[in-house]
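The first chain written gets the first letter, and so on, giving A, B, C, D and E; residue counts start at 1 in each chain.
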Amino acid sequence: MVNLTIDGKAVTAEEGTYILQVARANSIDIPTLCYHQALEPFGACRLCTVEITSRGRKRLVTSCNYPVEEGLEVSTDSEAVIKGRRMILELLLARCPNVPLIQELAKSYGIEKPRFKLEDDNCILCGLCARICEERMGVSAISFSGRGLERKIDTPFHVNSEICQGCGACAFVCPTGAIKLEDITAKEPRPILSEFNVGLNPRSAIYVPFPQAVPKVPVIDREVCIHFLTGNCRICENFCQAGAINYDQEDEIIEAEVDAIILASGFDLYDPSAVEEYGYGKVKNVITAMQYERMISASGPTEGHLERPSDGKTPKKLAFIQCVGSRDTHHKLYCSSVCCMHATKEAILANEHYPDLKAFIFYTDMRAVGKKFQEYIARAEQEYNVTYIRSRPSKITENPDNGNPIVWYEETTARTRTSMEVDMVVLCQALIPSGSTKDISDMLHLSLNDYQFVDIPDRLFHPVDTEIPGIFACGFCQAPQDIPDSVVQASAAAARAAEFLSKED
Amino acid sequence: MAVPRIGVFICHCGTNIGGIVDVPQVVEYAKSLPYVAHAEANMYTCSEEGISSIKHAIKEYDLNRVVVASCTPRTHQPLFRNACADAGLNPYLFEFVNIREHCSWIHMQNRREATEKAKELVKMGVAKARWLDAQEEFESDVYPAAMVIGGGVAGMSAALNLANQGFEVHLVEKEPELGGRLLKLNRIFTINKDPRELVESIVKAVAGHSKIRLHMPAVVKAASGYIGNFDISVDEGGKEVSFKVGVIIVATGAQVLKPELYRYGELANVLTQLDLEQRLKDDKLGEFQNVVMINCVGARIPERPYCSRVCCMTAIKNAALMKEINPEAKVYVLYRDLMTYGVEFEEYYREAKGAGVRFIRYTPSNPPQVIGTEKVESVRVYDELMGMELELPCDLLVLATPLISNNDSEELSKMLKVPIGDGGFFLEAHIKLRPVEFAMDGIYVAGSCRWPADIRESIAQGYAAASEAAIPLRQGLVKVEAITATVDPKICKGCGTCALVCPFDAIELKESEIRGLEGKIVSEVNTALCKGCGLCAAACPNGAVQQRGFTDMQLLSMVNALSGKR
Amino acid sequence: MKATSEEVQTRVKKLFEDGSIGHFIGYETGSDSLRVTPCFLKSGQAASRLVWNPLCANNLSKYLLDFKNVEGKVGIMVKGCDSRSVVELLKENQIDRDKVFIVGVPCSGIVDREKLLEVLGVSPGEVVAVEDDGDAFVVTLKEGKQRVDKEKALRGECLVCKYPTPVVYDVLLGEAVSSLPWVGDDYSLIKEQEALSSEEKALYWNRELSQCIRCYACRNICPVCTCSECIFDKKAPRWITKANDVSENLVYHLVRAFHVAGKCIDCGECERACPMNIPLRSLNKKVEKDLLELFDYTAGIDVEQQPPLTTYKAGDLDDFL
Amino acid sequence: MQDNKEVKTEFKPKILAFCCNWCAYAGADLAGVSRFQMPTDVRVIRVMCSGRVPPELIIRALANGLDGVMILGCHPGECHYSEGNYLTRRRAHVLKRLLSYIGIEPDRFQLGWVSAAEGAKFAAVVKETTDKITALGPNRWVDKK
Amino acid sequence: MVKQTKSRIIEKNRLTELLDKLAHDYHLIAPVRDNNVSFRRVESGSEVTLDYINTVLSPKNAFFPQTETLFRFSRDDSRGFGIEEQDDEADREQVIFGIRPCDARSLRLMDMVFNGQYKDSYYLNRREKTTLIGLACFDPAETCFCPTFGIDPASGEDVDILFSDIGDRYLVEASTEKGAALLDRFAEFFAELRGDEEQLREARKAGLAGMKKLDVKAIADKMAPLYEGDYWDSIGMKCLGCGICTYLCPTCHCFDIADVSLDEGGERFRCWDSCMFPEFTLMASGENPRPNRKARVQQRFFHKLKYFHDRNGELACVGCGRCIKYCPVNIDITQIIEDVTSGKAGNE
């Protein structure tokens, strides 16, 4: 271990570490633009300059690549340091006058306008992009080119790179936003979309699936993780202070002998782009109910604010379309059972968030059959500015001027075909048995019905018993149902299993 | 007592609270309160993350009291108490503050005042927390038997399931026959079979089960006690029978409304669906050519706003049957919304349509008119979808009426101390998450007495209730929340006021055996009998009797905190 | 016939002699001729100190609490009102009926010292003795005798007394008095108060209660305030601070009135003890009136009757939200 | 979303409500779940039974200067503990009259019955009580100078 | 000591006017009839009553209020505390009009406590800023026994100015500089003596002739052996343990200190306490060295008749008779004094 002082504070550090690292570990801030924890220090931006006193001699060094030594005295804010930094920043600001980060840094050192001639560059030549591409990604798709004033970051021959793997690390580390992936790669950059937020926002390859995940630990998506694809990167390892990243983890097969099985494999969402007339995927401001749920959720991508996809504006007029794929001879014949009520809930929530918001619900039959449901509908109409329109819209088009969706439908009372322009449309799509229902049923040799729900031979008198004794099914995997019905079935399945197990005794 | 170190956790509950109440401001405020050692905000305090945050903070800040300001203690209190226990803190050193149901949700239009109110509620919670004491829970045995009230399909399923699990069951049915409302039906929808032959096998299994003691015809006359220990008395054909059970399942069903609409009871050819089923069963229907059925008769109206869930299907079933009996007949179903939710119902509906039943939508603002003097001649209806008025010839008008609560529900509710909600149906502990439990421990509910349910749903609920009831039965003992009364024998003057007001005879005057007080007559609480109502504590003139978790000190501190006193 | 001091003395002496009692609580002449003071006897020898006259205001029943653990029976002298507080003590298990020997004396009213002096226009030193003579008091002054109409010189509670004869006793000295001729509507004063506006009432009671010095004499003398440790003496929870402030006084007096609700038998001791002349009976009387009207309850009549606030009828008045 | 109400200096009463766990508190919860909007002036203290609330607390609260106090419990006959609310009712009768006798307006102390299913009634009771007390103005019985 | 600097008279019909003036210029405290006659701050002369022998509460309240704020504190957001300066009430000049010589003497006894080893600035400040106008006592009550303690009820020994009611006018005598200054300031109300004043006063003093005067010379010594023994049993039995005697007593001076803590701050106050109350000596452990009424009543008389004397050379009683008059069970200090001095107390 090495003993030194930073700004008069005595600290100890491991041999071979750099001043910048030690200072950070001791909560002493040193500004830098080109340092990155995952990369070798480079000393390019020189912003991290500090003054050291070594063997009685004072001098300025870059702290990112100056190793600590015994008895070293470091000053991170001496007059000389500040003066040096000010000059560096003044030069940087002259080079990149439009980069907010540089503007802020300069301002914090009292520089509003540089004395030098202004250029219009965004790149500060810190080299982070090239370094990460080479050092961690093993690709070297970009590098410095030219000399002196001509020096810049570029791909070979200024053409979009074929070897670029499109990982985006360069853009990610760029402190000024100068790097644009589309200028570099020959591939089409595609974000990894968050499954939990139904594609509303991207996620990284290592991620926590959703805020209330249990257990709440990150997982690595091996399908897209660069390390699993190329063996490179491993940057996450550098950042995890707990040292918890384990690239060698494998799925574990747990064998358990059981006498009874309860199936509760739930539902998936029917892809509404199959209902072409509603324009999902084409009309930007048509979203699904689940996307809407994520949007209005405080832990969702917009932190509870409604922002329509086309321009992020808060919609004032919302349309909910019921039976999108349900009760439809071209799609699913059955009624998904829960959409009437969740649309109503969503409309109420929207109005609670934005009291001047108006929602229209286009429905076929308003199936409010549960406890207090009718009252709920009545309150939605009376207190939350919700209007129910009994009509099945024929199509949804887009107003090209403003991106507003237009809902075409038949006004039943006036018996005229009419349209309504709204700010956003929410499609309450059909719910379907989850894919895993099929997988597990195949495994257990359970029959599925026409709609891929688990078949219950005696639905009336044995509502949770499958055709195989000892196997029970509850919830959406056997029929569409809402929360209380699912809870009832879950308890019922447990009761039947308990009964079954008692018989075994 | 160690100096209180209170940790305050304030939940955003997504935007439920955070969207209205300025949570960071409340956190800052909480930090300024006496004895608060730590305060923080959580997105969801009940999440894995929130819980681990509580546990972490207990250790990190050496907390000895925890206050969570979030939703209602009626659902989440056990979760947070367990979190405290996991971190080594006695779970009774936890206090709940409700800033969602009691604040953000009811003051959505006034964020400033909602925030101020939240602060005050937190202040009161912190003031109470300062005086919390560690408590031990009392455990009591569960008598390993259940009573099921109601011998319909829900009750029988529950009884059979519990009996098959090996528990003794007392099944109390007021009619002389098992089967309930089902027996009155002609056919069962979606499978169109005679209910009697279907229910037969269940009845047989119930009647022949060695673990099931059938009380029939019988009504419950008295019930007292609590989870694990109910004393029941039933009137069984004039004879009083008493027994003991650990749990109770209420499955008393519902009845069908007889309407005062569409000239029912006045004209001979106006029937309810149930009447129709009876005629079909009795084979007394006679000739018919034009049948009109009207749905939502007496339902979804201001005085009875709910949808009774099963009537649409009944109408479709009988409409199809009419068509089957007389394919030449014209059968119309006048409806408002067709509640054919799910898979089978929707199919069944399509089949009926395919069989030629005509469905016509009407609106309540423009209801069907019955034409005829001696009998119904025709029905005039405005078809909303066609946009025209129709006059339908009619020689048989059938009204689909809702299920309404049974007349004896109210009496039962008072006897068992379980609540009744809208429409006279029993009120479950949580409408979504605890559908077959009552808020009172040890009592469960299933079937149409809770809410109109069809056979499949009633049976599932019967099983579900059995599943919940089996938990304490299997565990064999229950823990009593440590909110029971205590007596300070030094202060007690033995006046017996507490004993007089105790509804459970849990307090007795006894000679003290405590050293220094030998021979002094003082009150003593039998914790096994005490239900934690606190009547005694309120009646005690000098504060010798206290209710744990609701002591004078704790309540007064809250009142003082609200008044700006510290 | 009315009981006389001599009768009391003879009877008490005899009770000691035949072993019926081991202690006796009665009255003796006080430090001037218009005062009596409690007298505690352990034997019959000093029985001659005992007196019984219209000055015997003190309700002695509270002293029974001090004799819980003595050997033998305790004899006590009770008037009508005092006997009713004995009933309340019995109800609350504060005394054992078998350990108490009750010497009842019918009472035709007790002198209000200040009123009497006012009517006579003399100082107490002038008065030699006061005797009961039906509807008047006969006052022996240093110079001559004077009759004073009882209604002019009675204590307030005696003006509305409905139980002049003890309701419980082992021996009754003198003839029972069934009713007192001057007693009419016992709640007329309360009704007058009730008719005032809230502002007037608040003003009135604010003024009255702000005079309280919280000496606790009203509580300590009250025969049905039996707690060994009063909630107002507790440090935690602290229901009131010692600060003599009208809000604290309010809490004290309202809670006091509530704590004796259904137990107060209107012996008037609280008001008599109050050095600040606060009309304390008014609060108790108000509660008494309501209990009678609402629940048909009168305190101190029947040991078997359950206290009104520990029981209920399903059909009790319900005019709440 | 913006505050609809302007910040005004008008009198805002401070009202305390003791709610029993089984009925009134559940009713208040239901009012919340149902999003019934109501005045912000009431603060709830949960007790297991309305019968737990001793008169001392009510008196103390009013003497502390709170503008109103409510006890809300199960409807008569529906007490979770059989008879707690009946005792509460008796006490409340006496207390209400006593308070009125010394000049604390009867509306400042209310007893009410709210079942677990009566979210709307809870909101109505809160509104009614708040309105009445607002009309009465501040509790000036104890006017500390 | 008593140095008569000035004698004047005031016509009775001008008294109200004088009091009006005093009330205007000073914080005037005078007897007022409410439920009882008590000393109270008055705004005008017409509120004042002089028709009383002695007030229920002695005027000690004016120097040692039943509840007195010692200081206030405020709390700021950073949880800091700030002590606020005392309000200017404490600095007001006050006049007490109508104090009886016995009560005036009690202040001398209180001074021994509050101006003894520890100086109580609150009390002393008020004392200094107060001018006492006494009212000579010519019609004592049955319960009065101030001569026992060498007090002349018609003298101005312990006041700044003495008013003596001599029929149609008051004889007004200043006995201190402070008193003389006040007389000068309001000279317009006062007239020169007419000459018959002393004679009229003597005539009125006749009423004092039969006053009770007990022999208390050796009482402190005679108390000592009574510490043990059963003399106090029957008194303790009778005693209700209320605070009347101590609160009404002009010489009792025990107090308690407590805080009022509010969100925004609070105050520390002191208030009268009474040795008659059980919690007076209750310790945090729950132990109480004076566990019963007998112990407490005994303490009270020992303090008055012995301990105070041992410490200050005076008995802590001025013979005002309040405790006798107001004791609801007729415990009479004069009887106790007689029992003790006569030796009866030891022989029961």
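By our rule, a contact is a pair of C-beta atoms (placed from the backbone, for glycine too) under 8 Å apart; a residue touches a chain by one contact, two chains touch by 3 or more.
Since this is a predicted model, take the numbers as computed values, not measurements.
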Smallest count of steps, each to a touching chain, taking chain D to chain E: 2
Touching both chain C and chain E (chains): B
Core chain by centroid distance, with centroids computed from Cα atoms only: D
Farthest chain (mean CA position) relative to chain B: E
Pair joined by more contacting C-beta pairs (B-C or C-D): C-D
Centroid distance [mean C-alpha coordinates] between chain B and chain A, Å: 39
Distance from the mean Cα position of chain C to that of chain A, given in whole angstrom: 81
Length of the line joining the C-alpha centres of chain B and chain D, rounded to whole Å: 26
For chain B paired with chain E, centre-to-centre distance based on mean C-alpha positions, whole Å: 70
Contacts with two or more other chains, residues of chain A listed in rising order: 352-353, 355
For chain D, residues that touch 2 or more chains besides their own: 1, 4, 35, 56, 60, 64-65, 77, 83, 87
Multi-partner residues of chain E (each touching 2 or more other chains): 260
List of chain D residues in touch with chain B within their complex: 1, 3-5, 7, 12, 14, 16, 21-23, 25-26, 28-29, 31-33, 35-38, 40, 43-49, 51-54, 56-57, 60-61, 64-66, 77-84, 87, 115-117, 123
Residues of chain B defined as touching chain D within the complex: 19, 72-74, 98, 100-102, 105-114, 116-117, 120-121, 124, 413-414, 417, 419-422, 427, 439-440, 483, 501, 503-504, 531-535, 537-539, 547, 550, 552, 555-556, 558-560, 562-565
Interface residues, chain C side, partner chain E - complex: 30-32, 35-38, 40, 58, 63, 66, 123-125, 207-208, 211, 213-217, 219-221, 233, 235, 241-245, 269, 272-273, 275-278
Sites on chain C touched by chain D in the complex: 193-194, 198-206, 231, 239, 245-248, 250-251, 254-255, 257-258, 261, 283, 286-287, 290-291, 294-295, 308-314, 316-318, 320-321
Chain B contact footprint on chain A (complex, rising order): 211-216, 296-299, 303-304, 327, 333-335, 337, 352-353, 355, 365-375, 378, 390, 412-413, 415, 449, 451, 453, 459-464, 479-481, 483-485, 487-496, 498-499, 502-503, 505
